[in-house]
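Next, two complexes with subunit A in common: one pairs it with subunit B, the other with subunit C.
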Partner chain A sequence: MVITFSLGLFLGITLVVMRHFDVGVPNIAFIFPVFLAGSGGIISITCFKKDKGAVTSDERDKMIEKNANLAGFGAVYFYIILMSLLPIAILGEKASIPVTWCPSLLIGAGFCQVFAQSIAILIQYGWGGKDGQR
Partner chain B sequence: MNRMQKIALWLVVWISVGVVASAVAIAVLYFKFNMPMSKAISGLGLLGFAGFGGLGPLIFGKDKGKVTCDERDRLINSRAALAGFGVAYLVTGILCMLPFSILGPQATISITWLPMIFAGTGLTSFLVHSVAILVQYGFKEKNNE
Partner chain C sequence: MDNDKLRNRVRRLRFENGEMTQQDLADLVGVTRQTILAIEAGNYSPSLTLAFKIAKAFKVPLEHVFQYE
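Entry: the complex of A and B
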């Protein structure tokens, strides 16, 4: 998830910068970072099967998952604050925005949550090691 | 009640007071004084009452005794935080999709809608967190028995 999201984010930022410098980037190209980021979910479901064995998840795993959920939600909270107040700071309080900004905010919140949750899981497990051991 | 319960109850009371007072003020300004909604919405200022909820940690001092918070308290707080964030996420989704659904994709909205999304998210998170703490402790007798 972290890899595909990071690649999607990097590609998205690159396209925005290219558009800013008037390099001919068609609108349809902006769908590719979204697909790249979303592919993490599809790959996870299709390629990573359930662990074999009688005990697949213990209390430590559940605790890590709970902490990761909290981290994800906390990141979304911070993201909502940023995306709600930044436009007013930049555009001023008398401005208007297209109504499509709001659903985009929600989609961004979703990606932010999954990204933060995935990073929190990796940090808590210690970035690797067999069987979740450090 | 332990300190966490008292603070949670304090927050629930003051957020409820703020929300009800705002709703009543807006209704009175709109229906009784026939103000346009753009002016009647100034009744939202009474949401400031909810700010008194933040004084809870100052008013309710730390519990006396060596053990002030055990694993059960931490588990309750953690679950309550998850509940608060989860419901706040739902409220954010509704507030984001509402203008889009009502006005359609070609419309524009005032930029002041965005801080309202944030305000709704924040208030919901605190309120649900506090209610979840009170529910898990069971609204019971002192010493959490």
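Entry: the complex of A and C
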């Protein structure tokens, strides 16, 4: 559910930014994923109700989530440094870059964070082997 | 997370306690089955609280379940 909402929110922000700068991408390209994410969330809430007594997450899950957040933050930090220095390294000190670089940087940072977080989660859960079986 | 020196006898104790399943133990101590599995495989070192809960579930002292070598 958190992933669904995050995806919806992120795509929503992307849509607003893209519309603001009028980059020429059809709205449906963004509305459809938002609709899909929202529908998925509603379906998962209504159809896949879990037993309230069952333990769905514990201290290990919290630790994995914490490490994944840290990995995401680290990746974004590294990305921002890289993206801030790259234009100088490639174009030189006297060059200029369009102002759309900043929102693009922001969107890229979002993707970078989600990607790093997902990889970190996969790696940490993967330590247990296939479904934890070894 | 240094798992090299922390050994556990969770799997053996489960079988000694009426062939308890991982899910049974997980329900007893309030964690997911995957966590029990990770502990047994030595991929995860439980918190002190969880370690005590596991020992209590087997009705044995903590050092009987976990050994630091």
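Quick note on the criterion: the second predicted complex is superposed on the first by the 73 of 134 C-alpha atoms of A that agree within 3 Å, B and C clash if a C-alpha of one lies under 4 Å from a C-alpha of the other, contacts with A are read in each partner's own complex, and residues count from 1 in each chain.
We adopt the following convention: a residue touches a chain if its C-beta (ideal position, glycine included) is under 8 Å from a C-beta of that chain, and two chains touch if they have at least 3 such contacts.
This one's a predicted model, so the numbers in the text were calculated from it and none came from an experiment.
Undergrad: Based on the superposed arrangement, let me know which partner A:S39 touches: subunit B (first), subunit C (second), both, or neither?
TA: Neither partner.
Undergrad: Kindly classify A:R60 by the partners it touches after superposition: subunit B alone (first), subunit C alone (second), both, or neither?
TA: A:R60 contacts subunit C only, not subunit B.
Undergrad: Which partner, once the models are overlaid, touches more of subunit A's residues, subunit C or subunit B?
TA: B
Undergrad: Determine, under the contact definition given at the top, whether A:S6 touches first (subunit B), second (subunit C), both, or neither.
TA: neither
Undergrad: Would you tell me which residues of subunit B are touching subunit A in their complex?
TA: Interface residues on the subunit B side: 78, 81-82, 85-86, 88-89, 92-93, 95-97, 99-100, 103-115, 117-118, 121, 125.
Undergrad: Please output the residues of subunit A touching subunit B within their complex, sorted ascending.
TA: For this pair, the touching residues of subunit A are 66, 69-70, 73-74, 76-77, 80-81, 83-85, 87-88, 91-103, 105-106, 109, 113.
Undergrad: Note which residues of subunit A are touching subunit C in the complex, please.
TA: Contacts found on subunit A: 55-61, 125, 127-129, 131-134.
Undergrad: For the complex, give me every residue of subunit C touching subunit A.
TA: 26-27, 30-35, 37-38, 41, 43-44, 46-47, 50
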